[in-house]
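As structure tokens, here come the structures.
In what follows, subunit A forms one complex with subunit B and a second complex with subunit C.
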Partner chain A sequence: MTEVLFVLLMTAMACGLLGPFLVLRRLSMTADALSHSVLLGIVLAFFLVRSLDSVLLTLGAALFGLLTVLAVELLSGKGLVKRDDALGLVFPMFFSLGVLLITRFFRNVHLDIEIVLMGDPLFAPFVRLFGLPRSLVEMFLLFLLNLSFVILFYEPLKISTFDPSYAFLLGIPVKRIFYALMILCSFCCVTAFNSVGAILVISFFAAPAAAASLLSRSLWQMILLTLLLGALNCLIGCLIAFRWNVSISGMCSFVGMLSVLLLSLFSRGGILRGMRRRKQQRERFKEELLLLHLYRHRGDREETGFESLFRHVNWSRRETERYIGRLMKMKWVFADPCDKIYQLTEEGRERLLLAMTA
Partner chain B sequence: MTAGKKSGGEAGDRLRALGLGAASEETRAPSGAAIHVEDLTAAYDKKAVLWDIDLEIEENSITAIVGPNGAGKSTLLKCILGFLKPLSGSVRIFGKALREVRDRVAYVPQFSEVNWDFPISVRDVVLMGRYRSIGWFRRANASERAIAEDAMREMGLSALASRQISQLSGGQRQRVFIARALAQRAELLIMDEPLAGVDKSSERIIIDKIRELKSEGKTIVCVHHDLNTLRSYFDHAVLIRRYVIACGPVEEAASEENIRRAYEDLI
Partner chain C sequence: MISILFSYDFWVVAAGTSLLALAGSIVGCFSVYQGQSLVGDAIGHSAYPGVVLAFICFQTRDPLILTIGAALSGGMAYFLIHSLRDGGGIDFDSALALVLTGMFGLGMVLKTYTQGNPAYADASQAGLKNYIFGSAAFLMKRDAALIFCSGALVLSLLFLFRRILLISIFDRGYAKAIGIPEALGTAVLLFMMIVLISVGLKSVGAVLISSFLLIPCICANQHSRSLGPILLLSALTGILSALFGTFLSTAYRGLSTGPMIILCMGSVTLLSMIFGRYGLLPRMLRKRGKEND
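Our next item is the complex of A and B:
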């Protein structure tokens, strides 16, 4: 069981290094497309080598990943279709060809559709290399490759992700960096086939990175956080999956999405904080507006009267009295009992002046 | 209208009205101009956006590129900066190809062009301007950092140095880009609408800086939208409307007649 967890953790680490760049470049869906179209590469390579353990399989698959990206760039670059639509055209074509070939020729081989789509890390420990699960070794090598790529090209990667046209002007090979990123991404997708499957690998790229982007203040912080969150998702996902005996990769992805959802609700700058801030702002405006109204119509029995003020600001009577109550508690407003009107205190005028000059 | 006028009748007249007279020889003479564009035509897909552009931007000038929407101002910049390969013609910067003079050219994009959710501080964006001298694998040393701090101070950003760029206002964002270009210590600054969507105080800071740069001998080229401020902010202007209508000192180039030709519907 621990070996299964290690395979997943290593997958999360390898994918997590690339994830932040994919998310920041808004390429998550491209990665998703890659993860599907590499299937055709795997199937075609399998035709040649008749073995599921060959490194040719990985290379063939990566080649198709690259072909997908090239085809998408070509289609969208000509302005015929939008990038998203081009993705939607290219990868289903490659993927469906892969599925057709499998169902026609490889019914009896271990290359079955369910494993390809859903993956199952439970099988990972059965194929071994150097006394370790093969997927673990592969993923570890891939992790090292990605790590050296990110460390070596950190600055050019950062600049071309943030501002590609500026990077181009600085002489950074923007296109080459993009394709290098895509090739590494295809490698990840292929290698992740055994452990998490084609559909869910995207959540290993996108979910921890998206969650990290809500918390981080610099790129390297975002990368470290992505790795951390990725590991956490796997750990929690695995524990729950073992407990309830459900799909491990499915549970890991689900936990990943849940963490993004929770963070976007509760983080600093998250949705809930934002809602509360807007509500407070609105209430402050309303207080200030009442102060202004009472000041401009000072002494006017109709405009500032106990019984008529609410009609002039066009709020309900209850709401108006609630706000007046607050202003009186702050000692900004007092009720003049003989004229039956509200008036500003000296502090109220000062508060209004502050609001008007801010 | 009588047939057989000097240069070919009604069609010739209408072409001249479009500003398509014979190209004058002076724009063709090579010189020590900061930017020299010759016979440039650029197109996206079906439609030509720029027709046969010949122009020269003088060294040590503040030049505005002016024209109505869709006149090809941004496209011209893209061609000058090598983002877009023209169908014909050539661009020389300080008499050389762009790749030979990268260190001498800085660019300030429109601030809508980048991903503002990127987790990065103002200081780190400005430090990008030092990329070419720092190199892709070294870390910025103290002197590089000092240059970036100077650039931020000049744009009034010192207090915001550690701020995330996602928290900045439009004017502040524009100033960050200009500070990044300043940090490059380039001789030629090319800016795409540096004053668009910018508050008054930022506009003041930017214009003062542009004037100061000119007094230091630098060349500034801006795409500009506001005809009201054209004469006060710039000393040279290029009027375009898919072709060059006028190019030269702002008083001559932005004459009433030329502006009318650039903005009025002719056909």
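Our next item is the complex of A and C:
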């Protein structure tokens, strides 16, 4: 069980290094497409190598992922289709071809389409290398590769992510960096296909990074937070999955989605805060409007009268009385009992002046 | 080979898939022009937990109930995507990927839950797997009837709301100016997409169903630039690919129907990209013609 958890954690770390760049460059769906079409690469490489454990298989399949991205860029670059449409055309075709090849030729080989997509981390510890689960070793190597890529090319990566045209002017090879990112990404997908499945890889790319983007103010902060949140997602997902004996990778990606939903609800600038802020703004605006009305028509029995005010501000009677009550509580307005009208106090006038000059 | 054309089973499957392709390709055009081509993919994946949940709640594999479950969870996924984007400050692309993987993950969790649970042992869940990769070969008359009804519903909705849809997709400013509720157009389109996707889930599968909406439109776009011909061409592409794909998958063992149809659609589209009126080859010829002048 702990070994399964370690495999997942290592995968989360390896993917978490690339995730922020994918999210910031809006390439999450491209990564999704890539992870699907890698299936065809795996099948074709399997035709040649006849083994699922070969390094050649990984290399061939990863190259195929790159081919997908190249095809998408080619189609959208020629102006034939929009980029999204090119994605939606290329990956279903490759995926279908992969599925057809499997169902036609490999019925009795351990190359289950379902395993490729969903994976099953529970099987990961059975294949071992140097006394450790093979996937753990592979993922660790991949983590080192990604780490060295991010550290070595930190500045060019950063600039070309946030401002591609500036990066181009600086002479940074924007295209090459993009393809390098895509190659690493496709390595991740291929390596993970056996242990955790393609869907979960995408979740590891997108979920922690998206959550981190809500919380962080700089790139390195975002990367660190992504790693942390990725590990957290794994841990929670694994614990729940072990407890109820359900799909581990499924649970981890569901937890990932939930974490982003919760963060976007409660974080600074999140949905709840935004709703509260808008409500406060609306209320303040209405208070000031009422003050202005009372000032403009001061002394007018019809316009500011107890019984007729609500008709003139054109609100419902209850709402008007609610706001008048609030203003009276602040001591900005008082009720004049002999004329039966509302009037501004001295503080009320000052408040209005403040609002008008602000 | 030819004897397949006279078999009853082939025609049930072919009718189902080609009706699905017809409705899908027409609705797909609108969703592509609204810039929602990848939304279908997310909805398709996200519909899966709805299927399993419906199975858990009602312990039946009745296609209608499972389809309703799929539609509900697809709609919820759309709501999540949009609230993440509009209020949550997450860009559209990441929101799509996030909801897609999260909901599909939930589907896997629920499915493994039913597998380990003896309460569901007698109501076999073997059929649930079909909703991921689809199994058109096992389409029953009942499934075909469901596809027919929902296809008719979607197309008549499209006919009723065609003006609102067209204006709100192609000219938002104008729609606002003449007081057409843009939200209504979006909602109708979304409803049609969700209905088609959840109905098609069983025959084409969660992973590939969105291509039924997307690919025929891309293909038609290579031949024409006005809506009427595009709709006609994309419907034709859809239906012919569905028929041909179904035929091939019936004729040869081990070729799944859904992927085969998509491969047909995709090949036609790639050819259109080269030879179509707006494809690469005519464009090169035009360029050369200009240089020679």
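General remarks:
What we mean here is this: the second predicted complex is superposed on the first by the 358 of 358 C-alpha atoms of A that agree within 3 Å, B and C clash if a C-alpha of one lies under 4 Å from a C-alpha of the other, contacts with A are read in each partner's own complex, and residues count from 1 in each chain.
By definition in this document, contacts are C-beta pairs under 8 Å (C-beta built on N, C-alpha and C of every residue); 3 or more make two chains touch, one makes a residue touch a chain.
None of the values given here were measured: they were computed from a predicted structure.
For the composite obtained by overlaying on subunit A, subunit B and subunit C can both be accommodated side by side without a clash. With both structures placed on the common chain, the touch criterion links A:Ser213 to subunit B and to subunit C. Looking at the shared chain after the overlay, A:Val246 reaches subunit C, while subunit B stays out of its contact range.
Using the contact criterion defined above for the overlaid structures, shared-chain residue A:Phe168 touches subunit B, although it does not reach subunit C.
Contacts of A:Ser76 after superposition on the shared chain: neither subunit B nor subunit C is touched. Shared-chain residue A:Met29: touches subunit C; no touch with subunit B.
In the superposition on chain A, A:Leu89 makes contact with subunit C only, while subunit B stays out of contact range.
For the combined arrangement built by superposing the two complexes, subunit A sits at the apex of an angle of 100 degrees to subunit B and subunit C, based on C-alpha centres and given in steps of 10. With both structures placed on the common chain, the touch criterion links A:Thr11 to neither subunit B nor subunit C.
In the superposition on chain A, A:Leu152 makes contact with subunit B only, not with subunit C.
A simple residue count on subunit A separates subunit B from subunit C, and the partner touching more is C. No C-alpha atom of subunit B lies closer than 8 Å to one of subunit C in the superposed arrangement. Residues 26, 78, 213 of subunit A lie in contact with subunit B in one complex and with subunit C in the other. Listing the residues of subunit C that touch subunit A in their complex gives 32, 35, 37-38, 40-41, 80, 83-84, 87-113, 116, 129, 132-133, 207-208, 210-211, 214-215, 218, 221-222, 252-256, 258-260, 262-263, 266, 269, 273, 278-280. By the touch rule above, subunit A contacts subunit B in their complex via residues 24-26, 78-79, 152-153, 155-156, 158-159, 161-163, 165-166, 168-172, 213, 216-219, 221-222.
For subunit B in complex with subunit A, the residues that touch the partner chain are 44-45, 81-83, 99, 102, 105, 107, 109, 113-115, 117-121, 124-125, 128, 131-132, 134, 136-137, 164, 180.
Subunit A contributes residues 23, 26-29, 31-32, 36, 75, 78, 80-82, 84-85, 87-89, 92-93, 95-97, 99-100, 103-105, 107, 113-114, 117-118, 199-200, 202-203, 205-207, 209-210, 213-214, 241, 244-247, 249-254, 256-258, 260-261, 263-265, 269-271, 274-275 to its touches with subunit C in the complex.
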